[in-house]
Amino acid sequence: MRDVKRIEVVVDAVHVERVTAVLRDAGVGGFTVFRGAWGEGDRGPRRPDGVSGAFETCVVLCACDPAKADAVTEALRPILKRYGGVGLVGDARWIDH
Amino acid sequence: MRDVKRIEVVVDAVHVERVTAVLRDAGVGGFTVFRGAWGEGDRGPRRPDGVSGAFETCVVLCACDPAKADAVTEALRPILKRYGGVGLVGDARWIDH
Amino acid sequence: MRDVKRIEVVVDAVHVERVTAVLRDAGVGGFTVFRGAWGEGDRGPRRPDGVSGAFETCVVLCACDPAKADAVTEALRPILKRYGGVGLVGDARWIDH
Amino acid sequence: MDVTLLMDNLRTPAILFFGLGVLAAVLKSDLTLPQPIPRLLSIYLLMAIGLHGGVELVRSEPGLRVALILLAAVGLAAAIPVWSFFLLRWRLGVADAAAVAATYGSISAVTFITADNFLDSLNHPDPAYQPGGYMVAAMALMESPAIVVGVLLARFFSTPTTDGDTPPTRQRTDWGELMREAFLNGAVVVLVGSLVVGMLIGEAGWESVAPFAYDPFKGVLCLFLLDMGLVAARRLGDLKRCGPALLGFAVLSAPAHAALGIAAAWLLGVGPGDALLLAVLAGSASYIAVPAAMRLAVPDANPGLYVTMSLAVTFPLNITAGIPLYLTAIEWLWG
Amino acid sequence: MDVTLLMDNLRTPAILFFGLGVLAAVLKSDLTLPQPIPRLLSIYLLMAIGLHGGVELVRSEPGLRVALILLAAVGLAAAIPVWSFFLLRWRLGVADAAAVAATYGSISAVTFITADNFLDSLNHPDPAYQPGGYMVAAMALMESPAIVVGVLLARFFSTPTTDGDTPPTRQRTDWGELMREAFLNGAVVVLVGSLVVGMLIGEAGWESVAPFAYDPFKGVLCLFLLDMGLVAARRLGDLKRCGPALLGFAVLSAPAHAALGIAAAWLLGVGPGDALLLAVLAGSASYIAVPAAMRLAVPDANPGLYVTMSLAVTFPLNITAGIPLYLTAIEWLWG
Amino acid sequence: MDVTLLMDNLRTPAILFFGLGVLAAVLKSDLTLPQPIPRLLSIYLLMAIGLHGGVELVRSEPGLRVALILLAAVGLAAAIPVWSFFLLRWRLGVADAAAVAATYGSISAVTFITADNFLDSLNHPDPAYQPGGYMVAAMALMESPAIVVGVLLARFFSTPTTDGDTPPTRQRTDWGELMREAFLNGAVVVLVGSLVVGMLIGEAGWESVAPFAYDPFKGVLCLFLLDMGLVAARRLGDLKRCGPALLGFAVLSAPAHAALGIAAAWLLGVGPGDALLLAVLAGSASYIAVPAAMRLAVPDANPGLYVTMSLAVTFPLNITAGIPLYLTAIEWLWG
C-alpha cells in the first residue's frame, strides 16, 4: 500500500473533458468519472430534470502520486474559477496490485 | 487551499430531500447528489431492480467548513436513525477558486 | 462518532459481485455500489458508449471497522490484480445512529 | 381448473416472455433491463390502460351498477388489510404485519393488464366477456385505501419504544407527506390522470393517439413481463427469509381474496369479464405504490418481506395459474 | 381570441397531458420521467418531424416564396436577440441580458410540434391550413443564429473585469467550440440530419419508417408533454428570483415576437398554416440548444434566469393560449 | 460490385442514419444516446427479429436442407477463429490473438438485420430473395461457439507466467461462469428466447404483437444505427493503436469469411436471400457477446484492439459496401 492523494472534482458534464485533459497531461495514470449527479452551489441549484442535458453534473475521481498533486490542483484552479464546481484533495492509501 | 470536512451520506432516494434540507439550513454552501446507487446494510439488500423506484439509493456529498460540521452531523443523526443509511465524515482540502 | 476505514474500489461492472462477496465474507456490515461510471487506467480508456454493456465501471464504497480493513484489502488484491481496477483506503468517522 | 384455459393463458406471448425472464434469471443469465427502462414501460402501460379505460367509460352509459362495482372495489381494498393484519400478527410484528396487509389490500396493475389481455386473446363471442372501462376506474380507486388502512393499523397497534431517548417513531408520521404518497404516487397519478384525459379527448382524440397507446400495447406488455420475470425470479432466493407461514399467506391469500371479488361480482350481477378483473384486483398485491408509501410511513417494516412475497410469489402465481383458475370458477358459477 | 379555438387546443390529448404534468407537480406528486427518457423522447420527436418535413419538402415544388420564408425566419432569429438585448440591459447585466436575448431569438421545437399537431387536429378543409415541409427547414435554420448574435453581444459590450489577476473571461471564448455547440448541438444535428435523410429516402423509404416516425408521433408527444408539464411546474418556484420586469418580458415577448412572425408571413403572402408556425417560431424561446451553448460561451450568465423564463413561463403560455391566440389573429388578418 | 445495389443500399433510411451518426461524430457534435437507450433498442431489435424468425420458421416446412444450413453456420463459427488465431499470432500475443479470433468467428446481429432490411427494400420479384426464418436460428447458433473456441485456444497456447507469486491466470478459468457468459449472455437469451416464443405463439399471437415487433421495426433500426454511427466513428481515433496489420485483417477478413459463407450456401443450393445472410454472418464480427465473455475469460486481452477493429472497421464496411458486394457476387454466381 502506498500513499496517494485522492482528488475529487465536481464539474458540469460539458466541462468534464477539460478536467480529464488536465489529468492526462499531468500523467496521473488514470481517473474515474461518475455521471448523472446533480447539486447546488454558489450559482444556485442545477436541476436534474434534464430537459436540457446541459445541466448534468459529473464527479471526476483520481488517485494520484502526492508529488503530482500540486501540479494538478494548480491546473484545475482556472477551470473551476471559470466554469464553477468544486475540487477536493484528501489522503488515501492505494491497494498495490 | 483550505481545510474542509467531507461529509458523505448514503440514504434512500425518497429521503434525499431531508438530507439536503439539513445541509441548506446549516448554510454549508452546496452539495452534490449521486443517484442510481444500490447497496446492502443492516436492513438487508436494496435491490436495484427498480420495479419499485422506492429502492434507489443516493449518496449526498458535501464539503463544508469544519466549524459547521458538528451541527450538520447532529442534524443528520435522527434522519439516519429513523430511515436508515450511513453518514461518514472525513478530512479534505478545498481547491480555492 | 467512531473511526472507520473508508474503502473504495473501482471495478468493471461484471466483476462487482467478486468485490461484494469479499465484503460480505469479511462481515463489514454493508456497502454501496455506484453504477454507470467510466474511466481510464493502465489498460486504456473504458468508453462509456455501452454498445457493449461489458465496459461499464462501478465503484464500491464500504465503511468498515479498522480491525477488518486489512483482511479486506488482502482479499481484494488478487481481484484487482486479475481484473484490473483500483482500490483506495482512507479514514473517516461514522455518524452513530 | 379448466385446463384449456390454463394452456391458452400460458401460450399468450406476454406469459411466454414472463417465462423467458424467469428462465433466464434461474439460469443466471446476465440479462437485465436497467432503469429507467422498466419505469418507462410501466408509465406507458398505465397511460395506455388509463386512456383506453377513459374512452370506454364515455362510450358506456353510466348507471347504478357501475357505482356499486366501484363501491365494492373500494370496500374490498379497505377490508382486506384489516383481516390480513390480524392473521399476520400471529407471526409478524406490528410494522411488518401492517405493511404486508397494505400490500395485499392494494393492487397490481400489471396483473390487471395481463388478465385483460387474456380476456381479449380468448376472442369470446359473448360480449359480457369484454370488461367495461369502469374497471380501470375500479383499479385506480383500489390503489390507495389499503395504504391508509395499513398505516392506521400500524399506528394504532404499535407500542411505544422502551428506548428512552428515541421519540416513538409512530408519533412522527407526517400525514401530509403520507397522503401525498398514497394518493399522488406517480403510478396513481398517471393512471387516474390518463383515465380523465381519456374521458375528455373524444373519439377523434383517441384515434390520434391509438397508434401509440393501443396498437403496440400487447408487444410492450411482453417486454415488460420479460423484465418482471427476471426481477421476480431473482428474488426467489430471498424467500427463505420469509418462512413457511408467510409463504402460505402469499400463496393462499390470492385465491381467497379473488373469491371475495368473485362473490361481490356475482352479487352485483356483472358479466364474467368484469368479474375476472374484480377477482384479479382483489387477489393481487402491490409492489409499486405500497412499498413507496411504507418506506415513509412504516420505515421499520422490512421490504424484504412484503415486496418479496408480493413480487416473487403472488404476482407469478396470479398471472400464470390464477387468471385461468378464477375464470374457471366464474364460468362455473355464471354458467 | 376565438374561444372555440382555445377550447379545441386545450382538449387535444397533448395539451391535456401537459396539464396533467403541471397538476402532478403542483400537488407535489413524486412522478418523474428520469433521464434519459426525456432525451430519447426528444430525439424521437426531432427525428420524426425532420423526416416528415424532408419528405414533404421533396413533394412540394421549391420556389422563390420558400426561399423568402427561410430568409425571413433567419432574419427574425438574428434580429430578435438584438432588440431584446438592449431592452433587457435596462434590468440585467451584460452576460444575463445576452443569454436571455439568445434564448428568445432561438426556438422551441416542442412548441412548433404542438402547433403543428393543433393545426392537424383542426382538420380544416382549406389546404392552406396545412403547413409546408419547408417550415421544418425554417425551424432548423432558426436554432443557431441567435446563439452567435448573443455571444457577439456579450463579447462586444462586456467590460474588462477590474480583478487584476483574472484574465477577462470574454477574451478566452473558444470560437471553434462555440460554433460546434451552436451549429452541431445534438438537437440541431438530429433535426437537420433527419430533414436531409427525409429528402433522400423517397416515398418507399418513408413508407418503411412511417409506422415508427409518423403513426405513434402524437402519442409520444403526449408522453413528452407530460414530462414538460412536470418540469415546467417544478420550476415555478424559481420565478421569484426573476422579478416582475423579467416576468413581464417572458409573458409579453411571446405575442410581440409572434406578431413579427405574422407580419412577415402576411407580407410574403403565405397560408394560415405556415403563418402560425412562423409566429410560433418567432414567439417561442429555446431551452435546449441555447442553454448548452451559453454554459460554454457565457458561463457567468445565470441559467436560473434564462432557462426558468423560457421553460416555466413562455413555453406553457405559448402552447396553451399562444397558439389559438396567434391563429385567431391570423384568421382575422387573412380572412 | 453492382453500383446500383450499392446506391440502393446507401439510400435505405437505416444506412443514411448510420451516415448521419458518423458525420455527427466526425464533426465533434455532442450528440449521444446515453445508456440504457442503446440497450433498450438492441433488446427490441433482437426480440423482434427473434419473434419474426420463429413465426417464419413454423410457417416453412423443416427439412434436411435447413439442418445442413444450420450445421454449416455452426461449422463456420467454430472454424473461423482457428485459422484467424494462427494468422493473428504472427503479430499478437496469445491472449489478444484469441480474443480477436473469437470476435471474428462470432456474429453481429445488427449487420444481419441490416442485410435483411436491405433484401426487403429491394422488393425483388424472385421469392428466393426472401430469406427463411431458419436464418435467425443460424444466427443464434453462431453467437457462442467462437467464444468457446477462442478461450480454448487462449488456454492451450498460453505459457505459464514467469512471475513467481502470481498463479498463472489461465489455470483459473471458471468454466461454469464462462459457459454461462457464452450461452446465456443477455443478447443470446433474448434472441433464442424470442425465437422459441415466436414458434409457440401461432398466427393469432403474432398478429397481436406485430404492431410492436414488426411495424415500427425499420424505424427503430434507423435510430439504433444513428447511435452505432456515433459510436463507431468516435472509436476511429483508437485505430492508430491497432497498427496496419490488424487494420488489414479487419478490412480483408470480412470479404474472405463472407466468401466462405457464400461457398457454403452455393454448395447447399440455397437461394440468394439465405446466401447473403450466411455471407454476412460469416463476414461480420461480434461486439456484444464476445467482449463480455472475453472480459471474464481472457481479461489480459486488450479490448482496445478487438472491440475497435470490429466496431470501427468491420461493422461499417459490412453494412455499407459489404452487403451489396456480397449480393453482387451471389447474383453473379447464382445467375
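Think of it as A, B, C, D, E and F in the order they're written, each chain with its own count starting at 1.
Operating definition for what follows: contacts are C-beta pairs under 8 Å (C-beta built on N, C-alpha and C of every residue); 3 or more make two chains touch, one makes a residue touch a chain.
Keep in mind that what you see is a predicted model, and the values were worked out from it rather than measured.
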item	value
Contact-richer chain pair (by C-beta pairs counted) among B-D and D-E	D-E
Interface residue identity across copies subunit B, subunit C - same or different by half	different
Computed distance of Cα centres, subunit E from subunit A, in Å	34
Mean-CA-position distance for subunit C and subunit A (Å)	19
Shared interface positions of subunit D, touching two or more other chains	30, 32, 35-36, 39, 186, 215-216, 292
Residue list for subunit B, restricted to those that touch at least two other chains	14, 34, 36, 48, 81, 90-91
Touch list for subunit C against partner subunit F, complex	12, 14, 36, 43-45, 47-56, 81-84
Residues of subunit D defined as touching subunit E within the complex	35-36, 39-40, 43-44, 47, 51, 180-181, 184-186, 189-190, 193-194, 196-197, 200-202, 204-205, 208-213, 215-216, 292
Sites on subunit F touched by subunit C in the complex	32, 35-36, 38-39, 166, 169, 172, 186, 227-228, 230-231, 234-235, 241, 287-288, 291-292, 295-296, 299, 302-304, 307, 311
Partner subunit A, residues of subunit B touching it in the complex	1, 4, 6, 20, 24, 29-36, 61, 63, 90-97
In the complex, subunit B residues that touch subunit C	8, 10, 34, 36-42, 48, 57, 59, 73, 76-78, 80-81, 86-91
